[in-house]
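One structure, pasted below without further comment.
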């Protein structure tokens, strides 16, 4: 019976516990906490000004550090953060606080923006839709220096291709602006992709809605719960961003120009919209569960009605048949010529009466 | 059986995803995001001062720009926002920020009011009741300049006819006031129409309430859920307006005079009332669902009682009949002269006893 | 069957929609919005100072305006607000803003207190218990001038009789105080009556509680839902008052003396108590519904137990009887001398065993 | 049947309605509002300084007023507040505002602390556990003057005995401190007793928890609801205290020294802890109800399983017996030699098959 | 039957009520309130500066006080707080307020941080995972003096071993920093261990989730409720910490250097993450209960279907057999040659028809 099929839960692979890994270490200790395998880090560097742009790729840090970048805006994209000494050297070169480095390699870090004396540091979750149509959240860390934007990411997959094309494109209006605009553009690209995640959730809610009405199997209830969990998870990644950007707009840090703040206000607007959507999805998933329960109740009602109708009609009739199956010596009706037919007539009348009764009660 | 009829869900037409459309574009890129077909934009212009008024209609922007409007208040109504270059030219003429233009054509934009140096820009949802008695929400963008109010809307259908009549009417007291009063009057008309949406929701709640008590079919549960969703959707459109108007009252922008703020306070009051109503409707739709579930339970109880009564009465009686249907050689009762009648008597007494028992339990 | 009786809903008389009435009118347009029939307005005027008091009744505004009231405190009680030109004239005489007049005749107006340059304007809901023991909410508008308090009400029925007696009484300490004290005294009387409404709700909750435990019929569920709705409605009338009075205490308006603020603090205290009660009633009505559902479940359990016990006992016994009702040629038991008695013995033993089993399960 | 026993509700004695009592009276009118019978007030006075202490008992106010108390701290304990003129005289002697006196005799007064020019006035609920192990809440009013603390209570039963012993004890360190410390000590004693109430609630929750798991009778559901109500009631008494004490710590009133504020911070801490507990108890009582419902569902499931198993096994078997109970002339099986035994065999096989099926489904 | 097994609750050992213990004592009275047996206190002292470190163990306070500690940072670890005079002497030596001492020995004290003139005092719950994989919460009190950090704990078991190793390790960078850094490091170690508690909760939720889907027995519901209770309990211990650390960062107390505040900001971040997780776990445990109820409903549905199918098929067939078991003299069908076979045919057709009907309804 389909209803009863086992809802198997894939056994979670036990991730090496982040916490046990960290216990007892000094704060500012740089230790990678994700689940990727150890691999080399590569630096993709894009340097530009209004005149043009250059792109380069480094695996050797010494080469990268020697590069001249004065008077230009640099977007330094570090892919792979498992190699701790590598990260540490970059940190030293760009004069980053050890706490910042710790957060860069901590893939579980909650979204945050911290302002330091000569740079602004942010950690975010970059969301994109995988090919299996699932929402993937990648840890990303961004550092805004006066002329440089450092981006640290785990794998060579991100949501910034459009941005890269705008920099390397013909028009390249973005090349006339400062590093803070690049910083904003990264945030903007990230938040634009949050909308895709939101849309994905929306589609799933609509599909579940349809299923709840047409086919309320237990698997649907499970999927509703999974959706609720996913909304909670994504909310956790996205929710703090609103507050962070709002604070960034209010900051008096000279790294963010007034012009860029105008653009950030737009991003803020988007994050507010996204948070509202998440809130609504949470309420809708609760409604879905309610609807599921109501449909279950309804199905039960229907089952009970069938039982009640069958039993109420045939049990009394069987009783009558039972009466005239008794073996008493003296049962005058048995000897009436039309006794048998009278009994049939009584039974049919009873049957019709019952049917009317159930009809009146709207059970049929 | 009516209970079991399929609740068919109309398949949603897949809208071209707003998000995919937008990904990777620079902020400030003007790209229409609604679902209307491409069409020409028309400008309806109303110019007035205390002496009188003029109305005109333009499809050619050059003609419109040449028009003299000095010393008069202009209400410039742009209908149709799918033609991006058209909007861009207007934007250039009125010196609007590209971000503003982006929001004007973004039909999914959340309500907002942004203050710029020499204009105030607002996006809202205009609600009206369609002929099918459904609540329609149209995207609308308003820009308040010193002497001009620009209104951008998707289709030639709005809630401002009363306002137009007041301008072109005999008395025309409104003509003695500034552009900020016109801006307020537009907001006021919009918020007055929110009350109609609220009333529409109220009627639907009352209808559902009646149905829940009289005819708690599954379709009612579905309608309650649809209502909840609609309340959530409308709340999302209306809720931010309160905050926006409140901020407008507190602003020190010279475009809004103190007199107009007094009127805005009145609008604020209305938005607060509307938000309270929406909150109450949310709670009431939850109560409705609760009531529906309780009525379902009740019906189930009733079904079970019928079954229990029928079974409890006739199963024992059938058993008795079964006893005397046995074929043992030695069953003395079968040979008693009045055996058959005694059995009937016993059965009738049992039946009456049962009836009394169920009566006492108030199941009958 | 009592359980199934139709829960008839009285058809609501369709009130002329407030909103359609208002659409397209200029703000500050005075148009009555209640459901009372058109009638003349009457002015009841009470003028007093520490030396004594005078009362008068006017239907003609000219007579009223001519009256000398210098150096005295006036309580001007306007009963009947359907006559729009009448209200407009009073407004002109007392120099009231058109928006104030609009709110005075708008019987749906949410409670508010607005401070103008030389007067304070408030709208409230006056609650009293009707003779049918129902809570009635009447719209009331109060204007505090330096020496005059204007009170606008729909019908000649209010909660201020005690206050009138205090003014016209022997002692009349209230006559030694200013108009702001009268304003406070009106608020105080109103809020004291809110307690009666609260008490009425409390009684209804207690009655429902008793019914839920003793007689959980569907009508009780409906009444719980009605109560919830009423609590929501009254909350909407009372809730804003707390905030309003709190702001009144903090105001620097010279119309309210420091002494009166001390008294207002007392009123504030009462409104806080009332709001807490309403909050508690909301939670209690939710608990009631929960209890109702639990009692329904319980009744269902009981019904099911009766069915299960009857069926479990008699179906196996009937089966045994059926066995020996078969007509096989070779059924040795049928020919045993004590076969019949042995079967009876087996049946009785089975019956007793079953009874023990159900006893152990505590189903009996 | 135990399940069905009537849950009798003791009829509430109709208290004289506080509100009707108060309507129409001037604010500041002193009218007792509790339900105690009229009785004489007694004053217990404890006067002390670092040198020693004196206690006295007065029923005659004149004697009390004559007493010399200069340079000493006085704790004036007025027991019995039904005698309104008595209270009024005390009020006049200590120069108390009529509004204060009104609150002193209003036994329904919500907790509050009001600061007046030369005294601080507070109303609280004193909670203690009665001998029937129930939580009793007594109205108490405290006035802090420069050297005097007035305490008004309804009956001679309070939570201050420990405090009295500390004053009259050998060490008596408290005697070296001012009246504000005494005021604090009273609050502290009161809040310490709140913990007892909290503990009482905790015990009741734990008992209910045990009953929910072991014996989920309807009476348990009722007790859970009663508990919820009690938590709400007590929360109402205790909740405001946190805010009040916090304001007292922030006040600049010279009556409270900086040292005493340090102690008050400790009391504040306790009230926060108590409020957290109440919050948790609220959630736990909701969980209890949920658990009760789940256990009810579970019992129903079990009942249904018994019914289904019995019916599913014996109804088909009875059908088979019915077949061979038919009286057709031509039924070859009836004449087979082993027909009867074959039928038995078939029935037994069916029975065993059924048992296996239900075993597999884990219904047995 | 497994479903019905008794859910035994271990009888709680009645702890000596904290509150009765405390009633009537003066505030600042030091009385131990935990449930450990009386035992000697031991002081473990670690003294260090950038040059090196010393560790010592004292049971005699005089020896400890004599020790020279000038110019060094001291970590004074007091294990065992049952010996009240011992604690009092330490308090006197370090000049601690009696209220502080009271909180040190009050093992039920809510987390708090109080700033005094020359020290900062904090109480926390230290969480670790016991060997039975349960979350244990130990009371801990920390006092930060200029060069000394006092730590008071109940038993010799804590979460600071990593920290000790860092101090006594080769590198010992921590030895170059001040006492405030040590204070921070203690907080940091504590909060890092909160993550372990969080992870433990997470594992339990995941296990329960699996059980809910695969084996929804009543014991699962009970475990969900226990989990909810545990989340509430831990939330109460952890929740205030966020606020406390945030206030510590904002303080202007000279004991906390700007550098250390940077580190505290990191701890603050962690506490925010933990609080978010707890919030999510609360919602997830509610979802679990919902899912459990839905699975229960589902199982009930399935039971009812089996019953309905069996009864609906065999009751009518039994009726037919009953008909031809009647003993009327005139029943022509009985004498038809193929009567018996026709009846069988009818029965089989009915059976197949029923099966189709239930198949169509998807009940099979």
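Details
Just so it is clear, A, B, C, D and E label the chains in written order, and each chain counts residues from 1 on its own.
Throughout what follows, a residue touches a chain if its C-beta (ideal position, glycine included) is under 8 Å from a C-beta of that chain, and two chains touch if they have at least 3 such contacts.
Remember, it's a predicted structure, so these values are computed and weren't measured experimentally.
Leaving out chain A, the touch network of the other chains stays one piece.
Common neighbours of chain B and chain C (chains touching each): not present. Because chain A and chain E share one sequence, their contact can be compared position by position; here under half of the interface residue numbers appear on both sides. Mean C-alpha position of chain A lies 26 Å from that of chain B. If you average the CA atoms of chain A and of chain D, the two centres end up 43 Å from each other.
In chain E, the residues touching two or more other chains are 4, 293, 297, 300, 304, 307, 311, 315, 318, 322, 325-327, 331. Chain-to-chain contact here is organised cyclically: the chains close a single ring, every chain touching exactly two others. Around the closed ring of chain contacts, the path that opens at chain A and continues to chain E reads A, E, D, C, B.
Residues 1-4, 6-7, 9, 12, 17-20, 22-27, 97, 99, 102, 110, 112, 114, 218, 221-222, 225, 228-229, 232-233, 236, 289, 292-293, 296-297, 299-300, 303-304, 306-307, 310-311, 314-315, 317-318, 321-322, 324-327, 331, 333-340, 343 of chain A are the ones that touch chain E when the two sit in their complex. For chain D in complex with chain E, the residues that touch the partner chain are 159, 161-163, 165-166, 173-174, 185, 188-189, 192-193, 195-196, 199, 206, 209-210, 213-214, 262-263, 265-266, 269, 272-273, 276, 280, 283-284, 287, 290-291, 293-295, 297-298, 300-302, 304-305, 307-308, 311-312, 315-316, 318-319, 322-323, 325-331, 362-364.
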